[in-house]
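Below are two complexes that have chain A in common, paired first with chain B and then with chain C.
Moving on, here comes the complex of A and B:
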């Protein structure tokens, strides 16, 4: 990952063929854009799935929702499936009210479920 | 207010005090008193006495056409009791208003019959005003009662009508009952999503057996809820769709998108169990 920029980033871990991005801070626009770049770069090399854990994220606006959808679209082309897990109720309600359904994105309740979903390799929505 | 009107009010006050007994006897025979005090005529007469006395005080105060005078408080208390009893017995507000209006006739008839010519004109006006005020107070009470009932029922409905049931390990259900408006949808969505987090639910069943009609707005609310459930990482199934509702949905051209639907709650549960990897034998 590119630490030279000096900016706080979301660390992306590789677990075998799965990339795990666990967002442990409020997601600002610049962090989200950096995450998109990191994930798409890393996904290029033999990745079956990407998991984004957003259980610590309390606010998602239209821009972040779009970035999430773009990450999903890009990693689906490069790798396999992208699963967003642990969304909080207020975030879900806000996204629905804004008409952002994250089409094409898989969702899971917990990290465990998300891993199982990627391992199973079947479309679960 | 002119001197003549004040004189009329005073004359009415004197008249009411003098004819207290006769008037109470006549009122006790009217629907309002008879229907409320079913235990006996004596009780009705006693209640009528209280109302006559309260009205006498208002007339003595002089402002017979002012619904804000403090002297009306006693009238209000006496009337409120009777109106509450009548509406509990199932009388509609217009019925109750008509029953209150009935009290006017005996008063006017007696004033017209028994007062000397010199006093009669002013006294009739004052008595009419006084009874008009009584009627207004009655309507005021009916209206505020209705308002209170509506507010209470609305609150009860939103509290009671959105339980989230755990049907199986990781399967929750919301039985929706009544009309699904945006306020209810909001409450349902919030409670359901919280339950999904608490129970680690993988499947949420929305049962609409108790929803009387599904139009485009209701369908939109259902889709919103289903979408929010999906974002949370659970799967949503809508059950309890009656044949008529299925026809309405098709006729209105509503696209339920990729929402899974089942006819009955039992079917939905079976589907849900399949999703969480459990199966039960059919009897």
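Moving on, here comes the complex of A and C:
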């Protein structure tokens, strides 16, 4: 919790060599940027992949799409995959209509599928 | 067409952008928008509020409910007294970015609403007005 703004960072959990971030709060731009910093620093300590659960995220706009793409780019340099899971259908429909993509990111319907994709990335190299 | 009371919200921080999203969501729910329609207008509002903050140096949003015989819509007017936009066509084109997004903010927002108008000139600030209607109410 940041006392000055009342904002809470997204907590990141390490499951073996996989980093899991589950976004449960209203995501301001500064919380999104803090998540990128946290994930990038933790990934540098060794990771095979990053999973970001966005099932509670109500919108993805161009700023958040860019932050997610930057997380994927940083993770890829460190030889890992970034998988976004649980995107709500209205969010996906809106992104398509805007012309927003998620370059460099893999998507999965569930956390289980996301873990499988990270494992597949390991086998594929 | 009649208009209901106007709600005005400040846009001076990214926390207030979150407040804009919440207020627009509530207005869209009250006007009978479907979940997809809510998501589109809230996403458009998020893009436009960020433009107001980042490029306009802050400003405000006015939310107005519009009543037509076939349903209710919402009008969002984002105003700032910032530097204005010299080349609107370029600012609306995909790929144009000043470094804070993917270059889809203004053009992307335009694709998510039924009506989009921008009033700007260098030194005169920027006002972006968008109108969204639920299915069936548009053109009614």
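What to note about this one:
Everything that follows uses one rule, which is that the second predicted complex is superposed on the first by the 113 of 125 C-alpha atoms of A that agree within 3 Å, B and C clash if a C-alpha of one lies under 4 Å from a C-alpha of the other, contacts with A are read in each partner's own complex, and residues count from 1 in each chain.
Here is the rule we use: a contact is a pair of C-beta atoms (placed from the backbone, for glycine too) under 8 Å apart; a residue touches a chain by one contact, two chains touch by 3 or more.
Just so it is clear, the model here is predicted, and its values are computed rather than measured.
Contacts of A:96 after superposition: chain B is touched, whereas chain C is not reached. In the superposition on chain A, A:34 contacts neither chain B nor chain C.
Judged by the touch definition given at the top, the superposed model places A:59 against chain C, while chain B stays out of reach. Number of chain A residues touched is higher for C, counting chain B against chain C.
Contact with chain B, but none with chain C, is seen for A:86 once the two complexes are overlaid on the shared chain. Shared-chain residue A:107: touches chain B; no touch with chain C.
Touch criterion not met for A:74: it reaches neither chain B nor chain C. When the two structures are aligned on the shared chain, A:26 is found in touch with chain C, with no touch to chain B.
When the shared chain is aligned, no partner comes close enough to touch A:115: not chain B, not chain C.
Judged by the document's definition of touching, chain A residues 88-89, 91, 93, 97 lie at the interface with chain B and also at the interface with chain C.
By the touch criterion stated above, chain A contacts chain B in their complex at residues 84-89, 91-93, 95-97, 101-102, 107-110, 113-114, 125. The touching residues of chain C, counted against chain A in their complex, run 14-15, 17-18, 21-22, 25, 35-36, 38-40, 42-43, 46-47, 50, 94, 100-105, 107-109, 111-112. Considering their complex, residues 5-7, 26-30, 58-63, 65-66, 69, 88-91, 93-94, 97-100 of chain A touch chain C.
Within the complex formed with chain A, the chain B residues making contact are 186, 189-190, 193-194, 196-197, 200-202, 224, 227-235, 258.
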